[in-house]
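In order of appearance the chains are A, B, C and D, and numbering begins at 1 in each one.
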Amino acid sequence: ASIDLNCDLGESFGAYTLGRDAEILPYVTSANIACGFHAGDPSVMQRTVKLAMEAGAAIGAHPGLPDLAGFGRRTIDVSASEVYAMTVYQIGALDAFVRAEGGTLKHVKPHGALYNMAAARANLAEAIAEAVYRVDPALTLFGLANSELTRAAERIGLRAAHEAFADRGYLADGSLVPRGLPGALIDDAETAAARVVRIALEGRVSTPDGEDAEVRADTVCLHGDNEHALAFARQIAEACQIAGVTVKPFE
Amino acid sequence: ASIDLNCDLGESFGAYTLGRDAEILPYVTSANIACGFHAGDPSVMQRTVKLAMEAGAAIGAHPGLPDLAGFGRRTIDVSASEVYAMTVYQIGALDAFVRAEGGTLKHVKPHGALYNMAAARANLAEAIAEAVYRVDPALTLFGLANSELTRAAERIGLRAAHEAFADRGYLADGSLVPRGLPGALIDDAETAAARVVRIALEGRVSTPDGEDAEVRADTVCLHGDNEHALAFARQIAEACQIAGVTVKPFE
Amino acid sequence: ASIDLNCDLGESFGAYTLGRDAEILPYVTSANIACGFHAGDPSVMQRTVKLAMEAGAAIGAHPGLPDLAGFGRRTIDVSASEVYAMTVYQIGALDAFVRAEGGTLKHVKPHGALYNMAAARANLAEAIAEAVYRVDPALTLFGLANSELTRAAERIGLRAAHEAFADRGYLADGSLVPRGLPGALIDDAETAAARVVRIALEGRVSTPDGEDAEVRADTVCLHGDNEHALAFARQIAEACQIAGVTVKPFE
Amino acid sequence: ASIDLNCDLGESFGAYTLGRDAEILPYVTSANIACGFHAGDPSVMQRTVKLAMEAGAAIGAHPGLPDLAGFGRRTIDVSASEVYAMTVYQIGALDAFVRAEGGTLKHVKPHGALYNMAAARANLAEAIAEAVYRVDPALTLFGLANSELTRAAERIGLRAAHEAFADRGYLADGSLVPRGLPGALIDDAETAAARVVRIALEGRVSTPDGEDAEVRADTVCLHGDNEHALAFARQIAEACQIAGVTVKPFE
């Protein structure tokens, strides 16, 4: 079995530093690089593309809503045509840095509120899928597993990478336990790692009720913003190796 | 003889409309489309790329300084590496819209203060030329005729389009009469058109002193922001046709 | 009877011009001036404050969501504490221009999506009312008549100006006919003017069903963005004069 | 003798944290709080005003150029009237938070490139002084000692606070040793503290050549962005106490 480990990178801006990109990169097989709307600026993007290519990660664009002050986490009532245009724009901007370094852009993963909006609303999901497809149909679109976004990707003819979360609990129907409810967050790195391994091997994970949920996961989301997150990444990578789960970019 | 007529387009933003893109496009063979830094937003860019392609114009990126409030006209003391990164970013963003519509990006022309800074400072000119070259060495770089920018383009191996101005006077050494001095501006459309024709046929134009200046012009800059500018464009296009000067994209 | 006529002004930005401020001002008794978040920039604000003071209008701050590209019309999922802070900020910025010109800020009217959000959600309404009150309890807060915003204003001890719309239809319960339904918009200037007069004199207006709705209106909203809007303003001012309705700032 | 110790604060933005405001505040008598153009956002401003008032520091506005990506450190070729308007705007925004918390704004200190531009160019210095004066003539304007800015402040009738730097060398004429030259930076906290004490007591400091320079200092600039800067602050505060130099806001 194999799994892809993806992480959001390049989220610094100007004089502001965020994330420990160099430290998390050894565990990352797919790097989602911010494109200047929710985070990142052109100089940060250039630097991060180089860093991720040197680390051997597959490079992806990580487009977000135009909301630096809210870090792209606030829902904005944008239209489908606005989402289409902002996605085309950001993919192109990131792609140019990748081409300038002699690499090839591999995937697109929406950020924050845009990710959540695209998971739930078919028209926005379709706008994103169409943007990706029209810029380059060979790109993979990352989205919440079994969401409107992965469905829209598959409908239009894109490869979709279904994403699971190592640090989130799942309900029996395969959806995430809402934040705030018991079992929503997995705090312990060892437990999280064991869950990732089981997802990779069996496509299943236990729920807070002790049942099993089916969870499709082509890729698992890592965080790289603090010591705790780095420990999670290490633990997951180690557990995968021990269990014989190959960690590599999704294809 | 032949000449290219280029014009800055897509400079609206959100609720704000600027320029008469649809009216000027019939006279334009190379469309320089704003990329969101000094003007333009993703939706405007999408619309303008479509419009320019339908009109049959060659499409170019028109990157500017990150200064919407100043419309990219205020010099900002940016470093060469910042200029490199902001140029890569903006070319990529515009290129993605062109690819999404099935077209091919043909050229890059810096805007406003970035254009003037690149004409005068070798390090910034080189940063732009390198950005263009690394994103796509088949792109043409438009710059002030015989400036640092066209020199940097030619040094790195890009095709450079030397630009002249129909509405500006020239000194005997081929430089522009500084704004504010007598003869700096050509107000009369007929005179301007005759000058463009002579530049295209002879590579020469008369100076305020009555001498002749050598002016290299692969492309001439049109404006499309008011009735007067539109009249200039019409007059120039007509005069070229009458004189047998072919108006077509620079190659 | 008397009525206040208010209008959003100062919505230009940098090189972009929007609105016919000088033409509408003769009909305006309360000027709501944009504060740089959804429209306006510091130079525009300075100019507009001067213009409105010369015209003798009462000056108000017109704070909006931080969304120039969307002109403040897109709902953003901001928290109450963010709304508080952005309102304090924008009132202060506008107030400084008024003080610099020797005037006194009189009122605050939220813009676009912020206006609508504050009309419907008590927590956001309270955040705005608290911001206004803490900056200056002598300010009047303009809001949709009988909305969460006017209620929050009155609860905290501010004077609230209940706003009605000359160009919108009303249902029997005093709420606006939703856009898209028959009777939502009043297209005819004469009809609109007659409705304003009746609102001022009787506090009543006819509904699409032919019934009467009670409409409280301390102030009526004018637009100043095109010829049609200017004609409305003229008609309303004239009709008020003929009917003996005094047009003056709300107090 | 007495001296004021000022520090730039509130330079975080959205998800981005910069500076150790809480740790430096015990040493600060005048807090210069960023106003959202080069750094800071409304929520950060609110928080920082509260924090500084609780610490008993005098509160000042710290306006900068509109350049978040460049942290206000890049010269922008803005006109005097633009500088006037952006200064009025930012003072007003910060002042509103101070008023909302029941405090009184005491001073204004321009940031970064705006500080340097105002020190050297009389027309920009006058624009800033006029902005401060027109918003509130009781405000003190902080500027580089004996610069165009302090001169403009005094000419218009404002109190000027002449600023010296604990970590910078001075030439015999009282100007700063240009960065890059020997003696430009004072790296050692003890030396820096001794220099501040001597400036406060004698108005003099030794130059790299071993001569003495006259340095007028009503206020000394502290930094609060790292461990080293905090050590400087502690050392300076201690040395002043030992030497009997009272540390208090400039009046």
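Heads up, the rule we're going with is that a residue touches a chain if its C-beta (ideal position, glycine included) is under 8 Å from a C-beta of that chain, and two chains touch if they have at least 3 such contacts.
The shown structure was predicted, so the numbers you read here are calculated from the model rather than taken from an experiment.
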**Message:** By residue number, over half of the contact pairs should agree; on that basis which option among A-C, C-D or A-D is the same interface as B-C?
**Reply:** A-D
**Prompt:** Using CA atom averages as chain centres, what separation in Å is found between subunit B and subunit D?
**Reply:** 43
**Asked** Measuring from the mean C-alpha position of subunit A to the mean C-alpha position of subunit B, what distance in angstrom results?
**Response** 39
**Set of subunit A residues in contact with two or more other chains** = 41, 69-70
**Request:** Could you tell me which shape the graph of touching chains takes: line, ring, star, complete or other?
**Result:** complete
**Prompt:** How about subunit C: which of its residues touch subunit B in the complex?
**Reply:** 13-18, 39, 41, 68-71
**Asked** Of all residues in subunit B, which touch subunit D in the complex?
**Response** 66-67, 69-70, 74-78, 113
**subunit A to subunit B touching residues, read off their complex** = 36, 41-43, 45-46, 81-82, 84-86, 88-97, 99-101, 131, 134-136
